[in-house]
Amino acid sequence: MRPSGRAPDEMRAINIETGFTKHAEGSCLISFGDTRVLCTASVERNVPPWLRGKGEGWVTGEYSMLPRATHTRGAREAAKGKQSGRTQEIQRLIGRSLRAVVDLRKLGERQITLDCDVIQADGGTRTASITGAWIALRLAINGLIAAGDIKEDPITGQVAAISCGIFKGTPVLDLDYDEDSSADADANFVLITGGQIAEVQATAEGATYDEEGLLRLLRLARIGCDRIFTAQLDAVK
Amino acid sequence: MRPSGRAPDEMRAINIETGFTKHAEGSCLISFGDTRVLCTASVERNVPPWLRGKGEGWVTGEYSMLPRATHTRGAREAAKGKQSGRTQEIQRLIGRSLRAVVDLRKLGERQITLDCDVIQADGGTRTASITGAWIALRLAINGLIAAGDIKEDPITGQVAAISCGIFKGTPVLDLDYDEDSSADADANFVLITGGQIAEVQATAEGATYDEEGLLRLLRLARIGCDRIFTAQLDAVK
Amino acid sequence: MRPSGRAPDEMRAINIETGFTKHAEGSCLISFGDTRVLCTASVERNVPPWLRGKGEGWVTGEYSMLPRATHTRGAREAAKGKQSGRTQEIQRLIGRSLRAVVDLRKLGERQITLDCDVIQADGGTRTASITGAWIALRLAINGLIAAGDIKEDPITGQVAAISCGIFKGTPVLDLDYDEDSSADADANFVLITGGQIAEVQATAEGATYDEEGLLRLLRLARIGCDRIFTAQLDAVK
Amino acid sequence: MRPSGRAPDEMRAINIETGFTKHAEGSCLISFGDTRVLCTASVERNVPPWLRGKGEGWVTGEYSMLPRATHTRGAREAAKGKQSGRTQEIQRLIGRSLRAVVDLRKLGERQITLDCDVIQADGGTRTASITGAWIALRLAINGLIAAGDIKEDPITGQVAAISCGIFKGTPVLDLDYDEDSSADADANFVLITGGQIAEVQATAEGATYDEEGLLRLLRLARIGCDRIFTAQLDAVK
Amino acid sequence: MRPSGRAPDEMRAINIETGFTKHAEGSCLISFGDTRVLCTASVERNVPPWLRGKGEGWVTGEYSMLPRATHTRGAREAAKGKQSGRTQEIQRLIGRSLRAVVDLRKLGERQITLDCDVIQADGGTRTASITGAWIALRLAINGLIAAGDIKEDPITGQVAAISCGIFKGTPVLDLDYDEDSSADADANFVLITGGQIAEVQATAEGATYDEEGLLRLLRLARIGCDRIFTAQLDAVK
Amino acid sequence: MRPSGRAPDEMRAINIETGFTKHAEGSCLISFGDTRVLCTASVERNVPPWLRGKGEGWVTGEYSMLPRATHTRGAREAAKGKQSGRTQEIQRLIGRSLRAVVDLRKLGERQITLDCDVIQADGGTRTASITGAWIALRLAINGLIAAGDIKEDPITGQVAAISCGIFKGTPVLDLDYDEDSSADADANFVLITGGQIAEVQATAEGATYDEEGLLRLLRLARIGCDRIFTAQLDAVK
């Protein structure tokens, strides 16, 4: 049924290469099949203005696609002079998702920026970004702890994300580009270890969906995120 | 429990004044309590470049807050030279939601822009915008049909939206600003007559939530949208 | 003669609804016939950099048209990424006009921003903006005085504005859109109680005009502004 | 009384050097005392989109100050990424003033851009720009006529501009920077040969003014513009 | 002498991984030591406006650094809303250098964009970009020839680039970041197979240099580029 | 051979008019034939953020073309909202070149901005800018020394720039527009009194060049700059 021949609840191969760049405090190149995203965590001592002097930190995300990450070349946002609505939406989602598992007080007056740059796109770039960003964050905070800069671990759990959708009437897990571009509904789930939900974004594309459909997608997402949680732990060991 | 004294499943008073402006093909001023949004539908014969010559139409949304719609004055996006990520996210949601109930082929090569300008904000501006935009759209298309410009009604159903959230541990319907700013989770539901879902955006703020929480919010949203569907029908009669 | 059937020195009906929005320190929805402008006054404690520490305040204006205030939809300036020359010209005029009746030293180190957002346009939006802005300002300053924040009233008089023009050879008062778009000359007068002039902007459009023409327009403007001064006082009582 | 020792109705020395640059179809460097503006007229065959195919031309103006035209260096608008409100206001005024003396139908489908770049500023840069722009325009159109590109002269008269103001209670002609920065009222008049008025912009600065004041300024402006009309004719001979 | 312990004419290890991304018509990840740049060639059928209908093609370059390619995080140009002068300078150099070895007429009416995105920076990113861009271009054109889209090979030679500099008084080849940031002079050479020069950019930083110094740097560059030419050929075999 | 009839090593007439504007601390209008650039030096007490409190100064350059400096009118960068890559490249070159002859410590905590505005262009605008900027800088610093603001002269030498190129196979000095637009190679040399080189930028346009060609261009540049050094000294005497 699926163009890739995968079973409905079958994910693409996950591959994680930590320490992909040497300057960042934490980094990984994460792949879900042909989707590849470079995630880096940068630790800086200055927090946004509204947090200064409060002893709290901040975690934020940025996202971009390289111009030829996609089938046809897209113009650079830097050349166009502004970031698209899609980019900004994804950036906000990455930051919010990661903050859901960080105790900002324990982080101290530091900002960690999670840069997610898509090297190659084949569907699911925002969920791969969130998943990889957690790894980069974990590595960066491990470094802060090892250096004695932070005493208590500010990370309260793992966060992972996966897309699911209704493709030709069937709920399927981890959409690739072929599926994503013709799915009836497309949902991104951001889940946390322990069964909690950080974010659900479920959008009807060709057809609307019902409560039962939403629940079946959520169950697929749980299957996917459980596998991702394991892969994340393996990667940061 | 609620700052306003409302019951958990009690909505604010809905008020709809159609024909609020004379130039737009369809318009209304919609209020949910103190939240007031002016929604106008503008019909134009030119569609976006990628649709030209295909005989299909397009429906899109734009959103803005007047600078003093809020407690403290916000700088104009026109003066800052760009629209915020939040504005763009909401605009995309409005367009997507309305397109879920329009058969673009029956619309013919026309673009309808739904402008949602927040006159006064007290929580739920994006859901009021979607709800009011449907009314403006319905009125504009009624005009096109009456003028003989369109033969078959392109509108396939009603769409309405409402926010729900978990406030001090209790799921509540139709958050106002006081609740919104301190809710643990905040969800926007876009529902369609007949029980279908167009969009779910559920975000953990202070605390994450679980599947049961998501379902309880969805049930509240159904209660709210059923009331809104009735109010929409009354308004366009 | 006039498309509306009005006499040359006959104004459109003026309607003023004060307190139109609840967050602003002062506000009104002002109408001159079908032209409707929402004017709000926002008081903030921070003045522009060049005034800091001088114990003086500042009054400034901002202006915008909602996209469908006009016959055909105009693109949002926020979406285009910049304010038009026309918008900036009008904003500067609003600020200058209001400052003509405010003793900035008595205002203390406060900035009052007068936002004029055109809900519906039918000619004379800038003059309606100035006229309504004075009301919003008066209400805001009444509030500051009532709260004991200001001791002496910084407002030194009333300011009002009206457009006049030479339409088909005849000087007429308070141009509506039909007249404005085909007038030979178009003039905006900003007058102050007591017979003083704050600003004259008189522009030849189709034909130039002479000194006698200018004076006849000024006399019409005096008639108009006297009526407006009365309406302003009624509104703020 | 005047810082320069001039009589109230005494203008600064006018100096006009035509053909200052070789590429422009018409050009001059015009000086009013220490105010020096380079005005060029550029003829192009493409008109703005809304005029295409109508057989009519267009005349437009652009204005800029070199960064160190003024006492203290001003940042470049190109570096700041946008033109100020003041610049746009002046550009619009230049275009409007010149169009008042051009029959756009006789111009044919051509656009003439009048670039006014202030080399040195000492008050009255906008009025010097309009005055010099007429000379550049006249020279450019002389060239078109000489080349046989235009049959009938599209220029219907001369246009000149001058600033006047009330300085220490006395109406004075042709304000320099010292006067301009402390005048009670500041007015710019754009006059046309034959006694007609193209534009009046009279602004109260420190104090408001009355009808008598406006008329006295207008009379000074007539004196000034009559001298300028003669200087323009001498220059283009 | 050199921080890295290299001999003055010793280059860093060059590593080239072709086909690094699957969508681009040609691509490679090129490394000079720790400097890593992803170069992709994108073939499109539309040429810039000034070339349309002339039967000629165009080759252009774009350049960007990922935010954490460097020791400390740099803000995204897309977020800042404009590309820096440095970025634009490098982009222009990349395009010019590659066009030096392409017969644009043989390319036909096609544009090839060479995107050079710096994954990790350690000095010499612009020269690595040019060097890698040639490989991506070669692979893309091989594809066009193989597909029969182009008959004659439009590539007339190889182009490579390398930086040299005077470091603590000694001319050295292939500066890394430590050397680059404290060199007295810094030169980038773009050379072509056969001994020709496409571009020299030699800049005094701490101290100026003389003709002899320039020639010694050029000789080092020849040594370096000869090695690069070999590596390029190996990579595209 | 040369369109102008000049010998290969013959420069155009150099003309320098110092004190061209009265507000700048130093200024000149410099001409190389028909190329005319207004150079001004503005002294300000605030240095860029990264230098504050270090007791050092900064010298920077800005560059712009008036819209009709060229054969056909170019759009204003201020109207387009950004500076072109070419403009930024030239600005950076001007600043770098002048800093090569200034001891920033002796300058004290001051910034000097060298504005180079091209009044008329006929090739070689960037080299004329650098050459004229030195004169403006020298005059400004003379003023600082005369006023006792600076004790030791921070200028360590003269800097001048000239373009050379290979035109129809022959190396020629000081390209004018006709030559520049059809030269095979185009080089800009920035030289310093005493035989040192500050910058070489040599670009192949139609054809590449070899080492011998580069050296012949450098020798021409030495001839040219020696003449310029003399002209500079005459001008500032």
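A few notes on this one:
Order of writing sets the chain letters: A, B, C, D, E and F. Residues in each chain are counted from 1.
In the analysis below, a contact is a pair of C-beta atoms (placed from the backbone, for glycine too) under 8 Å apart; a residue touches a chain by one contact, two chains touch by 3 or more.
The structure presented is a predicted model; accordingly, all values stated were derived computationally and were not measured.
Of all the chains, the one whose CA centre sits at the greatest distance from that of subunit E is C. Legend: contact pairs of B-C compared by residue number with A-B, E-F or A-E; the interface matching in over half of them is A-E. Computed from the mean C-alpha positions, the centre of subunit A lies at a distance of 50 Å from the centre of subunit C.
Distance between chain centres (mean CA atoms), subunit C to subunit D: 28 Å.
Residues of subunit D in contact with at least two other chains: 81-83.
From subunit B, with the walk directed at subunit C, the chains encountered around the ring are B, C, D, F, E, A. Contact residues on subunit C toward subunit D in their complex (touch as defined above): 82-86, 88-89, 91-92, 96, 100, 187, 192, 195-204, 208-211, 213-215, 218.
Subunit C contributes residues 21-24, 27, 34, 38, 40, 42, 44, 62, 64, 66-73, 76-83, 87, 113, 115, 117, 119-121 to its touches with subunit B in the complex.
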